[in-house]
Structure formats: structure tokens, C-alpha cells
Amino acid sequence: MSVLVDEDTRVVVQGITGGEGKFHTEQMLEYGTNVVAGAVPGKGGQEVAGVPVYDTVHRAAREEDANAAVVFVPPAFAADACFEALDAPVDLVVAITEGIPTQDMSKVYRKLQETDTHLVGPNCPGVITPGVAKLGILPGNIFSSGNVGLVSRSGTLTYQVVDNLTKRGLGQTTAIGIGGDPIIGTDFIDALELFEADPDTHAVVMCGEIGGEDEEEAARYIGANMDTPVVGFIAGRTAPPGKRMGHAGAIVSGSGTGTAQSKIDALENAGTPVGNTPEEVADHVEDIL
Amino acid sequence: MSVLVDEDTRVVVQGITGGEGKFHTEQMLEYGTNVVAGAVPGKGGQEVAGVPVYDTVHRAAREEDANAAVVFVPPAFAADACFEALDAPVDLVVAITEGIPTQDMSKVYRKLQETDTHLVGPNCPGVITPGVAKLGILPGNIFSSGNVGLVSRSGTLTYQVVDNLTKRGLGQTTAIGIGGDPIIGTDFIDALELFEADPDTHAVVMCGEIGGEDEEEAARYIGANMDTPVVGFIAGRTAPPGKRMGHAGAIVSGSGTGTAQSKIDALENAGTPVGNTPEEVADHVEDIL
Amino acid sequence: MKLHEYQAKRVFAEAGIPTPDAELAETVDAAVDAAEAIGYPVAIKAQVQVGGRGKAGGIKLVDDAEEAREAAEDILGMDLKGYHVDRVLVEEAVDFTNELYVGVTMDRGEGKPVAMVSTRGGVDIEEVAAEDPDAIAREHVDPAFGMQPYQARKAVYDAGVDRKVANDVAGVLTTLYDLWAAKDGSDAEINPLMVTADDEVIAADAVMNIDGDALFRQPELAEMQEEAAEDDLEAKANDYGFDYVRLDGNVGIIGNGAGLVMTTLDLVDHYGGEPANFLDIGGGAKAERVTNALDMVFSDENVDAVVFNIFGGITRGDEVAQGINEALDAFDEIPKRVVVRLAGTKAEEGMEILNTDLVTVEKTLEDAVQRAVEYAEEDSQ
Amino acid sequence: MKLHEYQAKRVFAEAGIPTPDAELAETVDAAVDAAEAIGYPVAIKAQVQVGGRGKAGGIKLVDDAEEAREAAEDILGMDLKGYHVDRVLVEEAVDFTNELYVGVTMDRGEGKPVAMVSTRGGVDIEEVAAEDPDAIAREHVDPAFGMQPYQARKAVYDAGVDRKVANDVAGVLTTLYDLWAAKDGSDAEINPLMVTADDEVIAADAVMNIDGDALFRQPELAEMQEEAAEDDLEAKANDYGFDYVRLDGNVGIIGNGAGLVMTTLDLVDHYGGEPANFLDIGGGAKAERVTNALDMVFSDENVDAVVFNIFGGITRGDEVAQGINEALDAFDEIPKRVVVRLAGTKAEEGMEILNTDLVTVEKTLEDAVQRAVEYAEEDSQ
């Protein structure tokens, strides 16, 4: 089993005719993902990598029974693309786009609360159920099928941690890159809840980073609600307070919470071991399984 | 028993310091309504008719345990007053104000869907549970306590019908003037549902008028869901198509539905007798009880 | 409040919706000059606020100055469905390959705005809606969020608009929605939205109705409001602030509250009479309004008798009675017999005050209506 | 993007928020002239984009021309927390009886905007928030509806603002929210919002930060963006479009993706080294960006060795390797030793391409970091 993505996931790619959209559609197809349609206004009737393109997501969903959307639309139009996917509706929207204005995402987030759709991202690498399908830009070859769920705010850090797991033979049920933006759809707690409910996920790796309170809240959730063991990793231990490190999320306010140490403490208090290095994360997972 | 308004209803009057607000607060108090507070920005600390005034509805609700609001605020500010009452929150908002811009009400209606509050009106005479309390501008003396529920789109027509009922000794559980505006909170179906659930309401009188489809929809609801007998009345049989008769609602499009006849037919098809005159309405109720 | 076509087009053009070259003219000479300046063919269009102007001869297409003069002479001053034409819009005739419809209105039933697109433009859209509802794509809008760009595209593609102009039509629809929302529109329509051979879109007609309750915050639009060129009595009612509709019968009706007044009309009919009008004096009616209402009904030469039916809530019976007495006192001879029925707040006090030398008093609605119907029959001229 | 105080005040004033009389000056003479024109007392305020200017000597209150000249001489050209002061705002000193705080920001945790009001204005509001959270009234706003008037009033009354100015303060807060929403603000603050003896309110300071991701649709604000008067290397990073933070250590770090680069920093620390910087070259990095990144790190005289850590997703290892070869080929002598680790998309191809005469190649992150820490120790100057 898996979460969010499985054999029945039928994907429409929004922005499939753009450079990134086309490249990653090919990559997704190559990985075995069931990409059934593209959606680009004005490009209906065309084909990209053998996939039919429609003018609207609604039509793609209707004609091809798409139930998931991946958004490769430029930032200025990406919030509208998310609204469209939520309205179609599809069950899962994975928004890859980086640089969406925060106020746009605040409105998307507001709409999201009224739907049953899962939105992953934006500014995220996507979701992969190894051996089954990937939605997004994750490099498929480093993943392997197994019993570890993974949720991470950071893209390439996810790959690093997965690489360490896979090389030890610790395969994954599903890996979810939730993205590092100030406002995201699926957060740590949503992902942890999904993994907790998945009988095949025997351990979860959660990769956080400095900034915000999401890891602290996730730690409280783990302590109160989870039977599945969790292993943590927190990036940004050496980040100086007050400096922004790339991600909008990765800023330390210097006020106690939001620092790497407060997150590590919160996780450890919830009984979640935290690795100092990606290798140590794999060590902990190995100990558990 | 009754619906919407009972002994536990504690009222805050929004706009209590205005001419109408003050007059009808006195009338409501005289009728025995438990008016516990007023709310007018900048007038906190004053008193009107012995009732303490607060700057915000939230404070009035907090300090005086108000659970219902009556809105006597001028049209330009009335939608904001409704938002405030919904947010406080109170269980019931009765908006008396006439002339609220329709787009404002569309937004209030949108917000209303996310709450558990009943909004009655706007542009309505209010709600009365005879002998217990009245919220609004209805003349208390024509009502009497009994087993008939009443719901009406029109103010003075309500009084006329009630007068006919009362003079026959047919008292009321609760009478609800839902208002004649294009967009209202509680509609016929909402009111019918409340009366259906009230064991003390043995018959319901529903007064409709030309325009819109609400009576037709209510008729379908009655046919499918109601055990409590309903008697109908429809104003505007002689109205020529295409002319607007006062209420924004009272316009006949000439397209078959929305006419008095289509509404009468719909009600009669649902087994609901329709009176030709207010007297005949009382006749039908008398036959039923 | 309805805007004239020329006003609506100005509002649309300012917002960036393409409209044809046009000029307003109040005289035949001005119309011909405008036609010459714009270049033929041009359309000469009566500026009156009724639908179906074309069929009624209010729109003419002309190819030269002579035809322009003839058309302007015909249209200026004509009576169009009861409206006097005192202005024409002289407008570039657009060469089109297709006529679309786009519109925005409030869906009462849903309590939210709806945007509409159809490829069946250029004809009466209500007929299309009745015959073939699927020919109109409808997209409901969340009023809190406003129309999202994808919604405009969805409506346009759902309607089957050609992909070559879909983007432009979606743009026009988005602008139209934003205008509708910003200007407190009740309806905003472009019918037809023409598509030219070059795949350009242009608003060949424009409808914009404004929510009268919102005019207080739309000062620019409120200024566009003109004296209604309507029936004199309806204009008078407007000045008095009454809701008034003139009908064909001879029983004058005055009351408070639309539902009760309609019921009074229905009862007149029920008892064999014919209502002469609908007149709602509204809530809280004081003496002056009562006087004005009687003036209204007495001014209608069709009226043979009057029923005055007040059920007080806000409105106080004693004040109404006072008003009736004062109003009727002012006449040397009261022109029609008046039957009065008061109920509700201060009704008993009112009944006592009423001067029965001037009016007939009845206690119930049914009796009052029957009496007025009798009087009207007796006094029928 | 941060606006300067004078820019934010202009934006606020245009929207109708009262601000003091003020003039911008770039020279001492201009500052004195401005002070004379405004009338004493005036405040001379350094225009640099850091907080705590007052404590650091960047704001002076003066009573005559002599004091104005002295203050302008002191402030213009001073170094304020690493920023060079080349402009001062000369501003009417407002006589106040009370100092309030009003602000609007995005609450990340809730995913929605929050408006804030406090009567504890004029001091560091973050300290107030930490010590006495209840001293700040917070009102969350539904981003679809925008802030409703009652919400502004509620926040103002909840904060305990005096009833006499409550309405005006609520008006300022509403305007501030609308500005924040219309201009894609990340934070908008007035601290202090002064209350005068006449019960007028006036924005004595102004903060407006704009969401950098939204500048594409805020052309007027984008124009206000100035060359950062920052650390040269940070300015360079900005030109290159890198996320870059300079630190105190001697191990230069280049990587792709914020989380991975932070992790690389953490590992340098873990293995006993000290990171010299955070440099994220972002996704899809091609040869030119690699060259620029190496140029950045080599330009930092503190750097003794470099670790280049790429995990490809969008980014292709072969392209990165190509870029590294090209960049290093251009040097007669490579200034620091570079350890490269490639993983993910096309990593193996990349490893084969890499010229091991120019760089040290390691297969794992841990090995790469350890090797770079060793090199940095060996080559420490």
C-alpha cells in the first residue's frame, strides 16, 4: 500500500506544453506514471509525449478520468491553476511551481479547506510511490519500494535522505515533498496522519528545517496520536538567527521557537529520535525496522 | 414549544441608538423580549431604554450572554453588521434593514453557509413567538399563542393573515417573516424544516408571492418531507408579467415559473391547499386542526 | 437603474472592452455629421431603455448621408414601446463572422453571481435559454473570491467558442464580471459580442443595470440617471418615492407593503372588480406620504373608487388617519369615493380619528375591497 | 523587498493615512533647508533598512538650524549596523499624547492574514509580543473576503484604544489592510501611530515589506527597489540570483536546494569545520550559474576550501560537471581546493566528465564534507 499515489492515480499535467512540463511528463511516463492528459488553455487537441492536451482541467478530468493534477504553470498563473484543479475536482494536486505570491496561496489555502482534495506544495519536488508512480520532479532512480514513509519540507534534502535509506535497503511506501513555502497545502501533520493510517508504513522519516512552528506542532501530534515510529532530521542547526536561508520558511526569528534546537527538542520529547546526519537517520530507521 | 425564539433568547440590538432601533427596542421590551444589550461603535457605556450599549457585538455577547441579534443598522452598514453578528457568534440574526445592496447580501449569504447561525431577513418584519418574545417590528398585539407556524415573504401580509387566524382563535407557535429581498438567509424550506421538527406546531401557513422559484421549491420539499400539514397563500395573482411590484422578489418573468399560478399549482400538487383570500387561509387551517 | 446603451458602452470601453466607434446625437444634423465622420456603413440606434428596439424600427443600418438623414428623421422623436426617442447613437457598423453572448447576473436561487457565455448571440437570449438551455454555458462565481480566470476560460470553452478567440472572449468576460462587481451591477450583458473576420471581438451592444440600493456608493453612475421618459404617473410615483404600477382597471388601490397591496389587488379581482394600480406607500408612512398617494390615485382618470388598506407595524394607524383627513380636507369636492380600512398598530385610534364625512370606513379587508368594488361599479363613467 | 521609511510613508499617504510633513535629503545643506522649511522641532532620520535606528544613533530630534546641521553631519555617511547612510528623512516632530501600534502580516501557521493593534506603540513590538502577548489585539482576516469594517473596530476596541480615536484608528487599520492586500505586502506596520492632544492620529513611522515573488505585478513598487547597500558579496549574489548568506568560517559551500545546503553547513560543523557561507544555486543549474557560484566563493577571502554538493532532480549532474570543468579551466591557478560530490539525475555521467586534475571527487556527502574540512585546515592562511 501507499498514501496519496497508487496504481489508480490518473494524472493531468497543467502546463504540459512548457519546457519543464514536457520534460517531466516524459520522466513521469518513463517511471510508469499514468499520465492521461495535459491541460493548457488554447492548446486543446495537441499531443505532448503521446498524451492528449485539453483546454481546461475540467475537460481533461471528464474525458480521461484524471483524478490527480501536477502543476508546472509559471508563478503568475499557478494559483489560478490550483483553483482550477480544486474545482475540477481532482483528489490530489501537486504544485511544483516555485515563486507563487504568498497572498495568492493564502486564497488557494482558503479554498482548499472547503474541498476534500489534497494539495501538495507549492514549491515542492512532488510525491512518489516507488515502483508505482511519481508526480513531480523527483529523480525516480534513487527511490525503492519498502516500508518507510517520508515527508520533507526540502527537495534535494529529501533525495539525500532517500539515497541513504535506499542504499541500506530501506525502501519507501511513499515519499512526500511538502515544500518550503510559507503557505503550503499538505503539512507535516496531514502527511503523518496519512502514514499512520497506512498499514504498510512501518516507520516514517520526517525532514524539517529551521523557521516556523510546523515541526514543533508535528512533534505534539506524534506524541499524542502516532503508533508508527518516526525518525526526525532538522536542517539548519548552524544557521545564524535573523538570516533567511533560501526557503521563505528557513528563517530563524531568534525568539526560541523556530530554531533547529527547539524543533529537535520537541521531537525528542515526543519520543522521536533525531539524526545528526542523513546517515544517522538511516541508522535510526534500521534500528526500528 | 416554538422555533428560533424562546424564553432563553437574549437579544442584542445593533443600531439601538438610532430612531428605529430605539423605538422598536422599547416595543420589544414592552412585549417581554429579553433585550440584554445594544451594540453601536463609539456608543459603548451608554444606555437605551435601560439596556446597556457596547461598542461591538462581540463584547455585548460576552458581557451579557446575548445569543440573538436584531439589525436596525442603515443599509450601507447593514451587511457589515450581519458579518459582525455571525462572527460574534450568535445563534440567530434578524436583519430588519431594507435596501441592503444585493452584492453585499450575496457575500453575507456566502459567509452564512459556513456558520450554524440562522439569519432571518433582511428587509423583513422579524420573528415572534407569541407571548414569549418578538425580535423585530411585528405588532405584538395581533399575535396569539397556539399551534400554527407561519412563514411569509411579506411583512404586512403576514399581519393580515395572522389577524385572520387570531380572530378565529387559531394561535401561533412562531411566525417568521423571511423578507422579500432577492437574497435572504432563512428561506421557506429552512423555516418549514424547523416547524416540521417542532412537536407543538400542528399546521403551517406559508405566504408566498410572485417571482423567483422559492415557493415551487418549497412545494417540492413539502411533498417529499413534511408530515405537518401546510396551507398556502400566494399574493400577486393579478400582477401583469414583466412588472416589478415593490419587492425585488415580486416580479414575474412571464416564463411559466414564478407566476402566481405556477406556485399555486405546485403547492396544490404537493397536497397543500391554497387560500384565495386570507379568510380562506384561516378556513383551511380551521379544517385541519 | 438601467444605463442607456451609450452609457454602458462608455463604462465598458473605459474598462478595456472593445466597442465600435460611436457618437451620440440629439438632432438629425448632428446624426448625419457623426455618420460622415465615422464612415459608412453606420447604424443609427434609438437610445431608449427597452429591449427589442431593432424589431420595433429603432435601429437602422445606413450606407450614405441621405439614408442617414432619413433614418435619423424617422427615429428621433418616434414613440418606441411608449418611450419617446430623443437621442440616437450613431455607430460604426461592424463586419462580423460570428455573434456571441456574454453576461453576468445574480442568481437569486443560488445567492451568488453567475457568468454566462453562448455562441447563440445576436438574438433574444431569453428565448435561447427557454428553447435550448444547454446553448448557454453558466459558471457560478464565489462572491468572496470573485471570478477566477479559469472560470472565464471554462465558460468560454464549455460554450464552444472557437479556440482562436477563446482567450479574448474570456478576457472580456473577466472584465465584465469585475465591472459588474465593482459597479454594483444587477445585470451586465454584451449581446452580441461580435467576432470579426480578423478574429477580433467587439461589443456591438451593451446592457448594464445597476442595483438601485447601491447607488449611494456609485456616484458616477447615479449621475447618469435620467428623468424617466415614462408614463407621467409612474414618473410622479418615482418622485414621491412610491412603488407604483399602473394597470387597466378602475379601482384605485393604496396600501403598505408589497405583499399586502398585491393581495388587495387580488381581492379586487376576486370580488369582480378591476385594479387600476399597485401603489405601495411603504413602511412608516406619515401624513405627507398619504396625501401624495391620494394625489397619485386621484390623478388617474381611469380610477372610479379607491380602497385604502393599511396594516400597521412600523406604520401607525393614527398617523395614517390624520394624513387621510388632512389630504381630503384640502379638496373642495373629493373626486372619488374612498374606502378606508386600518388594522394593526394604533388602528383603533386611527378609526376614531377618521372623518366619516370624507371616507367610508370598513373593519375587514374583505369588506373594504367589496365596498370599493361596488362604488367603482356605481361611479363608473 | 523592504521599502524605505520615506517610500512607505509616501505609499501610506497616497492611500489617505495621515503622515507628518517630511522631506528627503541627501546632503547636509539640503537637510538644513528642509528643516527650516518644515519648522522646528524636526526629526532627522537615517534611511536605512534596519530596525533599531534610534538606539543606534540614526534618529535625532533637533530644535534649530545649528542642531539640524550637526545631526545631519553625524548621520549622513555614518555606518549603521553595516549599512551606509546616504539619505535622511527630515520630518516634522509630532507632539503626541499616546503611541499606538497597528500592523498587518501573514500568519503562516494559519495561512491567513492577521491585523494587529496595541496601545503599547513606540517600542519594539516583538518585545511586547514576547513579554505580554495580550497587549496586542489580533484579528485574523479571511483572505477571500478581505478585512470587514467590524474586524478593524473589534481589534481597536479589544486593544483598549480610547473611544475618542477608535474610529480613526480603525480607519487607518482598514486602509493599511487594503494596501497590504493590494500591494502584495508581506508586512505593513505603523509604529508608532501617534495620537495628538487634539485626538488626531498620525503615522510617525512606516514599515512596508513587499513579497518579492509578487513584484512582477507591482511595477511601481519594483521601481522603488534600490541597489542593496549591503555587503559586496551579498550584492553580487543578488545580481547572480543566488540565495546567499555570508558566515564567519572558512569552508565555502555550494549546493542546490536550501535544505540540502543547510544540511551541508550542519555537516561541516558536525565534522569540526566552520562554514564560510550558505550558497544555494537553485534548481536546474547550468554551466553559467556554476561558474558564477565558484566566482562568488573564491571572491571570499575567508574561504580556504570549497565543498560543491549537488543532488540532481531537475539539476543534471552532467551539466554541473561541465560547468565546473569550464569554470576551473579559466583559472591559471585554481585559488582554493574544491571537493565535488554529485548524486541523483545524471550523476554518474557527471562524475565521469569531471576533471580530477582540477577537483577532488567524493561519492558521499559525508566524505565530501570531511575532505573539505581537512583541506580547509591544511590550507588555513
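So that you can tell them apart, the chains are marked A, B, C and D in the order they are listed, and the count of residues begins at 1 in each.
In this section, a contact is a pair of C-beta atoms (placed from the backbone, for glycine too) under 8 Å apart; a residue touches a chain by one contact, two chains touch by 3 or more.
Just so it is clear, the structure is predicted and the values come from calculations on it, not from any experiment.
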Chains shared as neighbours by chain C and chain D? A, B
B-D compared against B-C, more contacting pairs: B-C
What's the distance between the Cα centroids of chain A and chain B, rounded to whole Å? 49
Chain A to chain C, mean C-alpha position gap in Å, rounds to 55
Based only on mean CA positions, could you tell me how far chain B sits from chain C in angstrom? 28
Among the residues of chain A, pick out those that touch two or more other chains and give their numbers. 107, 111
If I count partner chains per residue in chain D, which residues reach a count of at least 2? 142, 144-145
Draw the chains as dots and join the ones that touch; what shape do you get: line, ring, star, complete or other? other
Using the touch rule from the top of the page, what pairs of chains touch, sorted by label? A-C, A-D, B-C, B-D, C-D
With touch defined as at the start, can you tell me which chain A residues reach chain D in the complex? 20, 75-76, 98-107, 109-111, 125, 137-139, 142, 152-160, 163, 180, 182-183, 207, 209-210, 212-214, 217, 233, 235-240, 243-247, 249-250, 255, 260, 276-279
Along chain B, where are the residues that touch chain D in the complex? 41-42, 44-45, 55-59, 77, 80-81, 83-84, 87, 107, 111
Under the definition above, what is the set of chain D residues touching chain C in their complex? 142, 144-145
Chain D to chain A touching residues, read off their complex: 106, 108-109, 111-113, 126, 130, 142-144, 181, 184, 186, 211, 213-214, 216-217, 243, 245, 247, 255-263, 265-270, 275, 278, 280, 283, 311-315, 343-345, 365-366
Where on chain C does chain A make contact in their complex? 145, 148-151, 153-154, 157-158, 163, 166-167, 170
